[in-house]
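Scroll down for the structure; my scribbles are underneath it.
Every chain is named by a letter (A, B and C) in the order it is written, and numbering of its residues begins at 1.
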Amino acid sequence: MLEAVLFASPGLFVEQTLNGLFFGFILFMIATGLTIIFGVLGVLNLAHGEFYALGAFLVFSIAGGLVGAVGQPTGTASAVLFAGAIALALLVSAAVLLPVSAIIEAVLVRPIYERDDVYQLLLTYALLLMLADGLAFVWGASPRRLQGVFGTVNRLPTTELVGFSYPSYNVLAILVGLGVFGFLIWFFERTKTGRIVRATAINREAATAMGVSTDRVFTLVFAMGGFFAGFAGAIHGAGPISASVGMGVNPLVLSFVVIVVGGLGSIKGAFVGAILIGVASRWAILVYPAAELAAPFIIMIAVLLLRPKGLYGAWGEIE
Amino acid sequence: MSTEDADADGPRRFRLMKGLELTSRQLFYVFVGVLALFLVPEIQGFQSSLRVRTVYLGLCWGIAAVGVNLLLRHAELVSFGHAAFFGGGVYGAALAARYGGIEEAVLLVAAGVLVATTLGVLIGWLVAGYLDIYFALITLAFNQLLFAVVMGSPELLGSDDGLSVRPTSELSRPTVFGLELGPAQYEVLTYYVLIAVVVVTLVVTWRLVNSPFGRALDAIGQDRTRARFIGIPVKRYVWGTFVISAVYGGLAGGLYGLTALRARPEGTLFALRSGELLFMAILGGFQTLLGPIVGGVALTYMLTELRFATEYWEFATGFALLLIVFLLPNGVIGSLPAIVDGLRARARNPAKVSGDVRFLGGLLGSKLRDAAETTKILLFGVK
Amino acid sequence: MLEARNLIKEFGELRATDDVSLRFGVEEGEMVFIVGPNGAGKTTLINLLTGLLEPDEGSVVMHEGTGDGTVERDITDMRPDKRVKEGLVRSFQIVHLFEEMTVRENVRTASLSNHGRISEMRSLDDEHETVERDVDELLEQFRLKDVADEVAETLPHGDRKLLDVAISFALDPDYLLLDEPTSGVGSEEKEYVIETVVEASKEQNVSTVTIEHDMDIVRDYADRMVALVEGRVFREGSPTLLDTDAELRRTLLGVTEDE
């Protein structure tokens, strides 16, 4: 049936595939945070979707301010300035997540590591509720749409160069996503801190015996997770969507799907899983619109039944 | 009910049935508790925040939470998919009303139980072999799949709008035991019936949990391998428990449908509702029998009534849960003995209260210090 | 009689069990001890016999009846819990107990299973007289009466080992496979644990297969001894071989002729 669409309407097929990739990369950045938090701390962070939402709301305010100050690009110089402003807004929005999630981890999550896992779930659920209302408190209950970025960036010709029209913003976002993936692989495989984190994930006691402060590692990982979720939110929010209260729930649930498909604790898995889920759900729309919602879970069930460890099953190991 | 002095020096115990003995004080509490529930419709007139409807819905969720707790407390399995059975119960009732033309409340609930049980048999068979996080995730997956199916079936299942549980005839609500009732009577009668169901459910659960099968479940939860090696067919028993807990869910959902009179996916089937069932059990005290019921009423109350007290009721609920995690480590019911003892000690010796204030102050202080420390590390680097 | 027939088990490159054929319980009540260096595949053998692992090749066979009426049953594909019902019971090297239950409850659960009552939902777990009687007898026999109401988690190591064995006997075994029942136990208690096992086995005609590192115990109690080295049967026979067979001594004990 998919082939039918491909032949009947190739443009639509390509567009949906690209949409799938774009969504997949956003999902990757969210899910990778969830998977490293789970892989290292053993905590399933139910509040993770709210970190994503926070990023989206923050970029609304910050980018709104910066872009307003810098003004729309008229020539090359102002275009560079504009681009700089956006980049700065995105990074700052995500950076806010660092202290926020770090403090949450140190103050609230750390004391309950010793306790039954169920209390971690209850705690992160409580955080989900509190953060959700926190967002409503600061930004109000109605959706917030960032003006002046998405449209402007799309004026840049990218896909037009190869013959069709697709938002350039999304294309750039996909490239950024690839960059994030590359960064994470580099971080965990080449840097000392990254290897320390992996060691802690694989064997907490051994790491402590080697002098690693697991407290610091946990806080760092939690903060990183929050950062990337917020970054995803910022990119998504400065792009095609509005920031709205409740926007975090769906990505949270889909992130669960992604980390199952990819393998709990695996970054490469999160990458492949997110792209797979992103693209599959968009293709599903083409075949049967109602299937969009079901497709990820059918895949999730299939993986759990056939290959429970996921595609890159790495229990407690970050790869 | 017979009275027997179980031990000469201990307090007088009343034997309600084989093995279930309560002291006169415990019996008194039970009596007061059930009486209080029965009186809610009367009190409602005076205290607007205590509504029969909220308590009713809370008890329904509570019953489902008791079902979830069979898996959680005994087999030590976290199911993130039990909204499938609660929702199954509500939708079962709706389907029976809409497509079966059924008008009688008892039959509607039965239909709900039937649907939920069928789902439980099918899903349970597939998930029974999974452990830990994988069990949680695969139950979540099936739950969300069901949600997706409902959302994607506008004609058959009503999609977003849901399905009505109201009779297809001119009756505006189902008959109860064959009687056509006005709105107030309907509410009160269904409520009383629910209380009876709750009591029976708790008694049945108590029996189940203290039966050999209950022991087998404990064994499975405490050491699955050993359970296998004393001859327990683990997967089959997990499946059985799953099905039983689905029955609870379906019963709860069906009864819920009688009051809500509409089956909506978001409110009854979405995965987060499964989470809430777990949280009800945990906050009420999942190591106790009554905990899930109390948790059900408490969380439902917070999620429905707090709305009227403050715009930021989600924050308030979250904060309340946070306090419970930190201050009541065994849940509300679980911590009850400690709370009662604590209150008594403070009543005897008021000076202790200042100690409490200091403790809380110290706690807050150390939290703030942690926060400051973390911020410092962030700004000036990690070692 | 319980038979391992040409069992082979590989873990990747490693052949943990290399064409092992053995017979246990040739006579009822036979006590066989399995010895061997670490990593020789002793626990793997028990795992294969009890169904925790599936062999890559070979089979596990139970012989029932005596003389001409002997029937062979291939139980290689039988689930562990079913094997328990067939009389094939084991203990674990690292003690597996129901940590949050009391000693009595631990034994009771096993006994309920043995009496086929474990699936009952309508009775209370402690109301069956036959079961309670068996439980009391076992607690008496394994001298756990004093700690009967203690939670398993809180028990000292020796008592945990005894409880482990008590649970095994509660299942009315025909074959009892014990994985290092005296490990971690002080020397005084070692005697005690083994004595209790021997007594109970003799009483109920249980054939035992015990993995043991303490050679004195092997010498004193074994009817037959099997030495496993690198997954293969190295020696089989009387425990006196431990003293007479030089090559065996060298392999097991690292002892040379001169020492």
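The rule we apply is simple: a residue touches a chain if its C-beta (ideal position, glycine included) is under 8 Å from a C-beta of that chain, and two chains touch if they have at least 3 such contacts.
Since the model is a prediction, treat every value here as computed from it, not as a measurement.
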Checklist outcome for this item: Relative to chain B, largest Cα-centroid distance belongs to chain C
Checklist outcome for this item: By Cα-centroid distance to the whole-protein Cα centroid, the innermost chain is B
Next on the checklist: Need the CA-centroid distance for the pair chain A / chain B, whole Å please.
Outcome noted: 33
Checklist entry - What is the distance, in whole Å, between the centres of chain B and chain C, each centre taken as the mean of its C-alpha atoms? => result 43
Checklist outcome for this item: Per the C-alpha centroid definition, the whole-Å distance linking chain A and chain C comes out as 52
Checklist entry - Contact residues on chain B for chain C in the complex? => result 18-19, 207-208, 210-216, 218-219, 222-223, 225-234, 237
Checklist entry - Any idea which chain B residues touch chain A in the complex? => result 72, 78, 126, 130, 133-134, 136-138, 140-142, 144-145, 147-149, 151-153, 271-272, 275, 278-279, 282-283, 286, 312-315, 317-319, 321-322, 324-326, 329, 367, 370-371, 373-375, 377-378, 382-383
Item to check | Residues on chain A engaged by chain B in the complex (per definition of touch) | outcome: 44, 46, 98-99, 102-103, 105-108, 110-112, 115, 117-119, 121-123, 125-130, 132-134, 136-137, 193, 213, 216, 219-220, 223, 249, 253, 256-257, 260, 264, 288-291, 293-294, 297-298, 300-301, 304-305, 308
Checklist entry - Taking the complex as given, what residues does chain C use to touch chain B? => result 50, 52, 79-82, 84-85, 89-90, 92, 96-101, 105, 108-110, 112-114, 117-127, 167, 170-171
